[in-house]
Each structure stands twice: as C-alpha cells, then as structure tokens.
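Next come two complexes, and both contain subunit A; in the first it sits with subunit B, in the second with subunit C.
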Partner chain A sequence: MSSVEFRKDLFREERDDNLQEIGKPTRRQDILGHVTGRSPYYDDHLFDGLLHMRCVRSPHHHARIRSIDTGAAERMPGVIRVILARDVPNNLNTLLSLINFGKDEEKLIQDTKVAYVGEPVAAIIAETDRQARDACAAVKVDYEVLPHVLDPEEALSPQAPVVNEVYPNNTFDYHDLYDHQKLRFGDVDKGFAEADHIVEGEYQMSPIEQAPIETCGAIAAPETNDRYVCYTSTQALFFSLGTTAKLLDMPSSRLHFIGGTVGGGFGGKVDSIVEPLSVLGAVLAGRPVKFMWDRTEEMQVGAPRGAERWRIKDGVARDGRILARAFTGFFDAGAYTRLSSYAIIKCSAHLPGPYTIPNVAANVFCVFTNRTPATAMRGFGITGVDFAIECHMDKVAEAVGLNPIELRILNAYRDGDMKPHRRLAKNTALIECCQVAAQKSGWSIGAEAARQSSLLGGGGPRAEIPETVTDMAGQIGERRRSVIPTAPGEGASARGNVPAGTQGIPIVAAAPQDEDMIMDPSRTGYRGPSSTPTRIPEAAIATDTRPQAAAPASPPPPAARPGPVAPSGSSQVLQPALQPALSPPAPQASPEPPATAPQPPAPDAASQPYKPEKPFSRGVNRPGVSRFLSGSRRR
Partner chain B sequence: MMAKTPVQFSLNGSSAAVFVDDAQNLLDVLRRGVGDLTPKYGCGQGTCGSCTVLIDGEPHLSCLTLAETVEGRSVETTNGLAAGPNLHALQEAFMENFAAQCGYCTPGMLMAAKALLDRTPRPSREEVIEAISGNICRCTGYDPIIDAIMAASGQATRRTG
Partner chain C sequence: MTVHKGRGFACINYPIGMNLGGDPSQALVHSTPDGKFMVSLSSIDLGQGMKSVTRQIAAETLGVPVADVYVDTADSDTGPHCMGSFASRGTHRVGNAVIRAATEARKALLEAAAEELEVNAADLETDGQGNIHVKGAPTRTITVADTAIAAQFKQGRTLSGRGIFLIPPSDVDPDTGEMTPVSCFAHAALVVDLEVDDETGEVTVNEINSAYEVGRALNPRLVEQQLIGGAWMGVSHALYETTEPYYPDRNHGPEDFNAYLMPGPGEVVDHNIAVLERPAEDAPFGGKGPGEMCANPVLPAIANAVYNAVGVRCDTLPITPERVLRGLLANGGARPQGVR
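Moving on, here comes the complex of A and B:
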C-alpha cells in the first residue's frame, strides 16, 4: 500500500541505502494507549478536592484599566481565591527570555492596560468550573477604552497608538538597534535596471488557529515534599518549567513538570501561559487547581500563526531569469512578541525561497498590533512567505509568458549555489520535484527544462557573494539615527553587530548607500530611542471619565503618510494603491457605551505603585543572581 | 448546598451509581464521578465528537447529555471495547492503519465507528465517512481512520492518498 516512490536515479551519488522503514506503515509506540483511551493527557489525572480556575478577560482591543472590583466575586459561593496581577511574584516576561532574546514585556495577569481582546485581568479559583465562571462574570473592571490598531502597517504610522510600551515604536527591536530584519545580497537596484520586466505583487495571509482537539491546560497540585507537580499539555516542557519558575520567582527544583502526552499541538502549546497560572493557583489555594481553556478561549486567546503581508518586486529578464527580488514583509505579532521575533529571523534566512537570484533585498518587520499574540505553528516564518513567493512565481510566469514549471526550473537553486544568508545550498531538489510533478500531472515541459539537474550547473560564479550594498560603516542594517555614523568606518564596531550569517565572511562592499540604510522616521513611525519609552497619553485619566474624551486623538487621514521602508529603490516598490487606508479611525471601531453614571475611580490596585508579594522567596531572589534555568537576565 | 440526584445506569455492562449535580453533564460524571477517563473534552459544545459514547447502542455527545437522562440505560465507552486482553477489531485496525496520531479524538472516533458496525457490519466507504462526520480529527486527515474502519469490517482498504 506504499504510496512512496523512490527516485534513487536522481540522486545516485547521495545515498544508496534502501530506506527500509520509509513508505511503510509502522506502529506508533503510543498507539495502544490511544486505542484503549488510556494515554495520560493532562486532564486524565484525578485529584481529590480539585479546584477550577477561570480568567476574567478583556472585552476590548485596547484599554487602560482604571479599577478592578472583585468584592462581589469574592463573596460568591464556591469561590476560593481571586488572583490579581499583584499576586504574581514576577509579573513580567517574554517567552524567549530563557534564551536571552527580547525584553520582558508581557504580564501573566494585567493590571494597568489590556492590549488585545481576551487578555487576562484576573483569575478566579472556585470549587467548580461553573462557580468560577459565575464569579468571573461578577468581577467589575472599569476600562478606559483606548484607540486600537489592528493592521501592521497602520501600527507603523507615527500616529498609531502604542500597543506595547516596552516597544514604543510598535516594532520588535533586534539587538536593541534595528527595528526590522534586513537582508542584502548584491544590489537590487542594479538588477531592476537591467531587467526587461518588473513584476510586483502583494500577498496577505490571515492568522490561523492551530485548533488542537485537546485545549491548552494544566493541573497543578502541592506535593508532599514542598514541591508542586504540574501535569500539562505543553509541547515544550522545560520551556514551560523555566517560564513558571521565572514568573513565580520560584526555583525550578520546586517544580515537578509532567507532560509528553499532548492532544494535538501544532505549535500552539508552547506559550507557557496555563502552567504558571495553575501552579500559582495551587500555591495560593494550597489545593490542586486545574486551568483548562474552553474551546472559546482556545480560539480567541490561543496564540495563532500570525498574519503576514508581503510585497514582492521582481526584476525579470526576457528569457525568464529573475535578476533581482525585493521583499517588504510585515509580521503581525499581535500585542506581545511570543515567537514572532524568532519567526522573522528564520524567514530572513529562507529568502528568496528555493531560487538562485543574484540580487536580493528584504526588510521584514515584526509589528505589534492589538490582536491576539501570534506564536509558533508548523513551519512558521516560512509557510507564509512561501505562499507569497509561489503565488508571485506564477505571476512572473504570466508576465513573461513562460510555462510556470519551466520558470521555476530555470531559476531553481542548485547544489553549490550561494544563498543570500551566506550559506552554500546543498541537497537541493527543486528541479527534480518540478520535473516529477510535471510528469505526474501531465503538464508538459520543454526538453531543455527536462534535462536540468540540481546536481549540475551550480557553484562556480554562483557560489560567490556578490558586491553588496552597505552603509558607510560597512554594515547592512537600518539603524537608529543616534548611532548612524557620519563618516565611513565611524562607529562600525561600536556594538560589534554584523548581520546574521555573516560572521567571519567579509562583505564585499559596493559604494556605500547610506540612504537605504538610514531609518527615516516618517517612513517607519520610529519615535525615538527605545530607552525612553513613549507613554500613552496620560491626559485626564483620573478625573475625566468620558470614554471618548479621554482617548488620544484619532489618527489623521492617511494622505500624507509615506509608506514603510521598502528595500532600496523604494519609491517604485510602494504604490499608493497598495497602501491600506487608515480607515476607519480606530477609536470609532470599538465605541464604548457611556456609563450611565460615571463613578469617580476608587483608589485601586492599578493606581497604586506595583508592590509584588514574595510568597516564594527562598533565598534565591538576590539581585545579580540568576534565578532561572538558563542565562542571565536584567543585570 | 446544591441538590444531588442519584443516577444508576449500566456502564460497559457493569452497574454504576453516582450522585450528580444539577445540570451536570454525562461527560463530567463519567470522568470525575465514575473515573472512566476515556471520553475526552474537546469543545463542550457538541462540535468535535471527542466525548462520543453509546447510549443504548446509539452514539451521543456526552458533553451535551444531562447525566440524569441515562438513568436505567446502557452506556458504552472505549473502556469497554476490549474483552480482557483481547482488543476489539476496531482497536486492532486503528493500530494497524496508523489511524491515530495524537490520539485525543480516537476514543470518540472508535465509539462512532462501533455504533456504525453494530448496525451495519459491512458499510460502504461513504457510510463510514457519514458515521464519523461528527468527529473532528486534526492530525490524520481522516483517510487512515476510514481505512481502519473498513478493515475492521473485513473489507479491503482503498487508500486514496
């Protein structure tokens, strides 16, 4: 019944084994548990006295929290404990901080501002799930609705609301220096000038929910040895353990995490949200606590594959050879980074797809918007842009009048070719895939295309790194004005940063093209060094309770705003027609009905200085001592 | 204090008796009250099928079934499929055909398939597809599951992929 067909003739030199196991059904080692219903998913562990946790979640895309009144909820039947931000010992994290990547920016429970619909502002532990839900409904949160932004390019406008105060420009900061990932290989302007056709396209992907059948969740319980056991659905057990240790300010040795049986993950179970909350619940209640998302939460707050928008501009010769390809990409990270910053690094190393193109440029932005934070999902960072690239290849084929499979074979990478991220391609097989796909589908290709091979014709001049545009410091990177050198060489190694993948590889510099490398504030919405974060306007917050009046002014009409930076030759890439209109002004999209009788805000948690309780301090919370699993943080 | 109602029913041929809360659903009672963990919670709203059990031989979504309504009736779950050490033909076929990956939908899928085969021992492929149309699987793409159910009914599989 095997449907795998070996084409060992194509890669005779590469392997001669018979791949004994490939293409034959094999029995999973865990299949007996699956068919008898005995595989131990996290919810299949029974505890006496199990308590249930539910979250109070933001109904707004973006709102300041004026006050949270939990009085009524605390008196509801079955309620054991209400958890607020001040109960979280170390309430600020970013998922990749365990590998020292990115700044702490996301609270486990919010107390000052919510930045997406569904962001938790309180958690309630009760005897039954129903009681926890009823109590959540009884929590009164006084929100001051703020303007929101749901489109990544609108978020780059200088007038856009600041989504995430840690990143006041609404972009992730790479190395604290760059507001996007920049790829330069050769000189696309030269390529466009030599081309016979210019083919441009814009492609947009939606967010995709992983939708595992088992929803995200965890059960935590005190053990008899002063530790807490946590059964979890996580796909990343030690990630979740380290994140829990950090947020709860608890040595990881006091955490006993058990996972491995996952009811479907697809990337959506790495974000380590449910584990810290369930363990915190077990600590505060002294009893086993289950925090299991229902299906609505899974769909609304479960982090999806993020939306991406791509603009591609190709310069193509009459015979179909692509001479230059420029990308401008926007990853919609949602309100917090999670894994989007990493996805873009992966993406940048993948461009321009499986093709050998002598001049490639890309500017890829990780943009914060008031959407659900995005995270991992099956090939994230690659899947979206590949969709765009392959759509664009068909468009190029149409524009130059070529058979789309022949066009791909003509431009395919081959063994020994230099990829724009400065690695030699090996084990390439696009040509053979195209040939076999054409054959199987009855799509005829010419004799010339049918003769090609991934093993032949690569390398040589195609293995060279071309002369590449740089700035006057000899670097590839768009930097904050404050660190832009004014003369060649100046400041070149002040921070020792060189583009990813170029360590030890000299960049053969063409003439410096500083214009392409200097960030223009009007282009990107850059608002100043990130060390002085822009605050959302505080105007009249305490006294003015009129919902609309307290919000900052609406963004102005889009007319005069230049587009975000496109790879060099930018003025041609961006057509005004492609600019999404800034419509309608964000604040009007979520009108808040005026409260019937505005109450002066009571003194509350949100208006007082943040004072974390430290219920777990066990001598590990000394300044300068790394408390977590790995790496140093916040010196 | 919430009123509790006694409910007595047959679970996989043995008698079971539990006190249930007002409006408690059968899924919760089976899992927490009786300790049969084979039906799974996937959505709680009757859309995914992973909580499927048989009530008097008919497939039902236990998350949408009030526990009190099974009083005096016969409930079957995946826990009752195997006879001692001998697996049910459907279980064997699921193992042989790689019909599970994460396994979370499998108990519901097995019960939907059992209801079909009990009624129609040699179903057509279309009937198999119809029978599991209320059960969502996010991993396998369904073909291996359909193959497995066909194989369990003693019919040759026809792989489409």
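Moving on, here comes the complex of A and C:
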C-alpha cells in the first residue's frame, strides 16, 4: 500500500495557501475522454483514400551506398510512389538549427552513406501498410560495408572511422573551440592535494527507450488553398512545423499542424522525423499519407535516451567534506546530434549535483558512434549523471565511515551558495528532503544533521567565486592528430587563470511587455524567501545515538584562500542575516521548543491538505502468478 | 540460496527549463459572450496534465471557477507559439505565460464590471465563484457572465489577454562553463528497501520512502500520479530497461514489449511519499514541475541498496540478475554490509 502526505508545515511562511483553484485536486479536463477511449489522438483522424508510408532501412552499422534499385518495388501492387533523397527539397538539417545551435548534418533520407542500422534510404507510399512493407523488401541497395565504431571512447581514437562527415573528429564542436564542454571552478588539483581520501569511480548509464504506448507518427493531407494539414504525435508542435518547413523548403504558412493530445512522450517525440516525411508524402502523392512507426522502429530506430559513461574523482577530507570533484563524461550521441549536444550543456550546469564543493572541473564529450541517434528523455542530461553522482556519494560515505544521509547533508548546497556555473543557489530544499526521507523510513541520522536547514549556513565565504585554473586541452581536431587524455586538465599544454570573483551577468526572464500583464503580487501565492527555518521536529527523526565516527555535520568551509577576499559583486545580494559558514547554527537559537509531537497541530478541516480517498495500491503479486499479469489498480 | 535485505539512499535536485537558445511560450485568453474563458496554447498534453494545470492557473489568475475555463491547445492556426513539452518547462514557462494573459484579461473584465457598477475598477474583487463585487460591499455585485454580456453587446470591449514568458538566450563560456542555465530547482530524497536473491541474482524492491520538493503542488492529485509513475519508471530503468543489453554491443536489442522488460502491475512498489512545497519566486504560484525529476533518485538508491544487501557495486545499468551474479562470483559470495 502506498501513501502520500503534503508537508504543509515546511516552508509555510513562504507560501500563501489560501488560493481558490491552485492546490485543489481538480479532475483533469481531458480524463473522461482518455479513460473511455474517446479522446482523439493523431491516429483517430480518418481520411478517405489514406495511403501508408514505410521506410527502407540500412542493415549495416556503417556503409557507403553504391546504388539503389527501386524498379521492382515501383511495379509492386498498390505502390503509389517511391521517395528517395533527391525528392527531399532541402535534405540536410539538425534539429536545433531552429535555435541556431549546431551544424546541419542529418539527411531525412540518405543517399551516400548510412551511419547506423535502421537509417532510412528510401520511403515507399502504398495503398496499404502491407503493400508498402512488401515493396520496401523489394528495394535493392548495393552497399559497400565500412568499418564502424560503437564505443564512444574508441570513437575518440585517431584511427576511428569517421561516423558523421560534418563532424570529422567524431565529437560535437563546442563554441568553435573545443571537442567537449568544459566546466572549471577553483582548482581541483589543489583540492586533491589537500584531501585525505581520493575516491574514484566509473559509471555506465544504459540506452533507454521512451516506450510510449502510442508510437511516433503523423498523418498529412492536402488541404484546400494549397496548404497541408498534419495531425501529429509531436511533443513540440512548432519544432516539428519549423523542421518540416525547412526540409521541404516550404513557407510555414502552408503548414497547419494539429496535435496536443499525445499517448506518452517522455522525450521521444521531439525529433520531428515523421512529420516532414508524411507531409512530403502528401505533397508527392496528392493524397493523405500516414507514417506511423511500428514497435520495432520505435524501439530500435526511434532515438532513445543515449548511453552515458562517467568517471568521477573526489578529493575528500577526513570528516567527509568533499574538497574537489572532477568529472569526465561521454554522451553517446549515435550517428547524428539531435539533442545530445544540448543535453551536455544542461548537464554541465548541473554539476557537481546538489552539493557545495569548492573545486569542480568537468570535461563532457558529445561523441558520434555508429548507432541510432540519441535524443531527449525524461531527465534530459541529468538522469545518467545523477546515477553516477549518487552511487559515488555512497562510496565516499564508505571511505570516510559516515552515514550516507549525513554525508549528503554535510555537503548539501544551501541558500546563497555559489554553484560552479557561477550563479547563486536560492530556493534550495535538499536538506529538508533528506531529513524527511530519513524520518519516513526510520533511518537514523545524527542530531547535528537533523538540525541543519537549507536556509542557514549558506552564503558568506560559500558565495565567493574562487580563482579558477583553466586549460586549452582538447581543441577541435587535436584528438585526430594524437591521443590526448580526456580528464579535466590532463594533457594540457597551456594553463590559464581566471581571477577570483569573475562573473558575467545572470540572465533573467524578459519583463512583461505591458503592465496590464503583471499580476498583483498579493495574488501570486509567493511570500518571499524566509530566513527562519521551519525545522523538522527533532523528535520526529530517529536520532542516531551510536557514537559517531566523524565530525558533526557542519557546512564545509571554503577552500583555503590567501587572506581575506573583497566581497565580489555577487555576494552583495546575500542577506546579512545568514550565518557565517564556519559556525553551525546554535541549538539554543532554535525557535521551536523541544517538540514532543511528530506532527504540527492539525489544521482545521477546510485547510487540510489533499489526501487521496484511496491510497494507490498495486496489482497482482502472488506466488505462482505472472508478475506481468495485469491486476486491479485500485482495490 | 539466501535472500538478503538491503537499504539504499539517494537525493537529487533537478533544473527546470531550458534556455540556451531562448525559451519562450505564449498564451492567449479570451472570453465568450457569456463569460466563459478560453485559453489558447500550442503546448502538448503528453498525459502529464498540461491542459489541467494551465486551466487551474488561468482560473486562479482570472478569479473565476475552473469550470468556466477551457484550454484549447496545439492547433498551429489558432494557438500561439510554444517551444514544446520537454525540459520540465511546461508548468513553469507556459504557466507564466498563462498568468500574464489571464492578468490582462482580468483587468479588462474588472474595467467592464466597473463601468456597469459605476465604480473604480481598483475597488473591485472577484470571489472565485463567478461574481465581481465592490471590496467591502458584497451587495454591490455583478456576475462575470453579465459583465461579459455587457462588454460584448453594450460596451464594445474584449475581455482578452496576451501573454508571453521568455527566458532569453544564455551564452556559455567555453573555458569555465559559466552560464545561466535554468530558473529553479526541484528536489528529492528517497530510501529504497529491497531484497537480493544470491542464487538467482534477482532484485525485488519492497518499499520506497520519499520526500519530493516541488515548489507548489498546483494540483496535488496530478503530483501524486507523477510521483508514483516516476518512481515506477525509476525502478524500471534501474532493474530492467535498455535497448542495448550488452552496450556497446548492438546485439540482443529488444524490438517489442516481450523482450523490452518493465515492471508489471504486480511490481509497482509500495511508495510512501511526502511532498514538500518551497515556492520558487519566478514560477507560477511557486510550482516547479515534478515530472522529470521524480524517476532520477530511484536508480542510484537501488544500486546503493543492492550493495548494502550483498556487497556488489552495480555501476552499470540496468542491474540485471546476470550482473548481480557476476558480481557475487567475483566477490566469492554475498557480503551483506549491515543493517541500516
């Protein structure tokens, strides 16, 4: 049996909970249609004379196309049209060209070289799906098989075959300078030298299919007035529309895209492959065309969450404070960029996870290999590295002999701390989550860890940006000429220094264009940041009474600095009320009397937070019964 | 054969939104002549509840009942631009755009009501039940429906609003990685209790106890569903799913749901959730978007619990029985790490 509780007692001062509609368990607008099978998805739109499209796909990881013979296929029954690369008006794109990121590199249909198993070399439109499949089987492609590379680190070797000719080094070009994204904050080598323990680990995130019940697809049909309508399963309507307009060299005003109700996405429906192909089919055939992936295509040709390989090296003090952390990451993009290059940017800013570590460095590579291109998936750029970081945190806890939860709280980021991408942390709540999870599971943590708060102990020296060591290793093309190490700083021929306190201007949301669009602040439900922690009642946390091996959990001091440092521009925004990092919050300053009840006094019925009428309950799980048998979801 | 119990922990934060190339979304709100409001978007409802959350945000901002608001989305001829439903951006970006559009529409609504009641619009308030009245004088009142009729047929006024929310592009420094990547962070921590069978290598997850901090639970029922579903996905990623079981070898790739394993209904793990709400300043009513982050902590927590149970570090996903058994073989048997 499952349960859910809403801890309205925590951060109460920062919220206005007396809102009319927000916070209510209102039934979904569309749920009755969904559960009665009446919501129209893209495939529920019916057209007279609907044609079906299927693709001829590469059986090789890597091969040159010598010739494509479609003669037999064209004479097959029901075949309306064979589409080849030459039929695509502007046959080169990269998904993020719509936001000017990356070079055009992927063809909608290939004609010269295939770079992964499943890459399309022709599309066939026929009266029925069966006829289209049979005709695909009759297309004869003469391939010259080429050597291929499947491991991202092998792809970095100078001898590796070139996967994607637009990126001949098998790596995405970052900022026209480097073959990887760098993150540099402080000096990790100095941190490693000061550390009592060095903890290293390597982690491998597997490729994962988004696995929506509704496979990717679209139906396109000629509309009146020389336009084309496209019903689509896309997750990003204007991405798909813009990509179609570009590949088909067609004004976007001639395209009418309709979607919005999608049978599961999880990131796999952003790539905009089926929309341009189905619209191209409707243009060439003059009739409605459906292109819907079957399950095999969805699983092996549709872009998955790519594999990631991570190496983490930590320098840790005896008491558990992490002094330095270096990452080397490899995102396996497959044969084309799609969204991997961008996932790395998001990932780099996420490092080193939700912890305040004074010295951080990372090199993250977007590597091309001869496999299905990777794309977005739930947890974009984050899931894989979070797996690595949190497995690694347990290894650190073991190395220093600390309770794993206390280690997290000791190193947790707090309001006012500087993050390695040089922006201040605010609105943090990691410590409270750790405390509540410990409490719910009955996992004891020490009294010192139980007293900590995200609101206290941050900022001050922890808000400062240290002097930072940089390097120019891994310039574009360098790795083609010789083997150079991939870890941050290693193999660098030249080093640089960025002075302490160096910080650019943070980007904030564009202001409302008109004052009529600014909501009355009293109606936003936001009361502003509080400096008073709403502590988890200590009695509610099972306190560990065993002698503790390590020092009490106090926030880590900053890295050793040469003398006092003038406050940087960034630290001026800090609240003066925040306590200095080296003095942990004094127990007697606690605003609460020693709590005896684990829960705050029960509020009156009207303001009770939502509780489900019936807790979520799982289905069949009995000995001898298949674990995959469907059971009653709510009993 | 022995079944070993293990317990593992993990905690994470999750960045909301994307902004590398700018991250805009727009919304349009207009009233029908009888005072119902339509919200036009191009955002996608993947099942996460996009339509429902934006509907509640619009109703709250307008000050009208949620039943009087309907969200129409994703027709490129009528809905204004939206980047799409990804990067946990929907609630934050689209929600903010809806707030701006609904705020402008509310201003027009109150001005039309002020003309009918012959008072200053600044003195009016909504009761959330479909009425507008003078502050402190609840008897001087007009319904939203009557206001809309007057605006349409008597005053010649539209009760409509436009909204856009944009995080402008952020450059990335090539040497230091400095950037402004995201707007706010959601948080989570959880404890996994599981069993490992040292003969079969099979892992059975028995219970999850978790805390998720989501800014504000705009719709607590949708939050509950996301968190239960997300934890299921986390268990699935940790123990079952992959398109390439022997990565980087491309062989043995599953092509359907017979070979692509996921937990069945009988394997949905009992999950005790605590939801924390620390509202983010620039988020709609503080809500951060729980959708993407909720699977992430489950993966490492399971790996850490397997180590606690049998002393095998599973640093490669998924944690299949084969990997557990190979680890046990390498260690010369199970090495339980102690009760937590």
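Note that the second predicted complex is superposed on the first by the 451 of 635 C-alpha atoms of A that agree within 3 Å, B and C clash if a C-alpha of one lies under 4 Å from a C-alpha of the other, contacts with A are read in each partner's own complex, and residues count from 1 in each chain.
One rule holds for everything that comes next: a residue touches a chain if its C-beta (ideal position, glycine included) is under 8 Å from a C-beta of that chain, and two chains touch if they have at least 3 such contacts.
Remember, predicted model here, so these are calculated numbers, not experimental data.
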After lining up the shared chain so the two structures overlap, which partner does A:A137 touch, if you call subunit B first and subunit C second: first, second, both or neither? neither
Just subunit B (first), just subunit C (second), both, or neither: which does A:I198 touch? neither
Which of subunit B and subunit C A:R38 touches, first, second, both or neither: first
Applying the document's definition of touch, where does A:V262 land relative to subunit B and subunit C: first, second, both, or neither? both
Quick one: classify A:L402 as touching subunit B (first), subunit C (second), both or neither. neither
Quick one: classify A:A450 as touching subunit B (first), subunit C (second), both or neither. neither
Given the touch rule stated above, what does A:A211 touch, subunit B (first), subunit C (second), both, or neither? both
Between subunit B and subunit C, whom does A:R28 touch in the aligned arrangement: first, second, both, or neither? both
Looking at subunit A, which partner touches more of its residues: subunit C or subunit B? C
According to the stated criteria, A:K182 is in contact with first (subunit B), second (subunit C), both, or neither; which is it? second
Looking at subunit A, which of its residues have contacts with both subunit B and subunit C? 1, 3, 25-28, 30, 34, 211, 262-266, 295
Give the list of subunit A residues in touch with subunit B in this complex. 1, 3, 25-28, 30-39, 41, 43-44, 46, 50, 128, 211-215, 262-266, 292, 294-295
Residue ranges of subunit B in contact with subunit A within the complex: 21, 31-32, 35, 37-45, 47-48, 50, 77-79, 81-82, 87, 90-91, 94-98, 100-107, 110, 136-139, 157, 159, 161
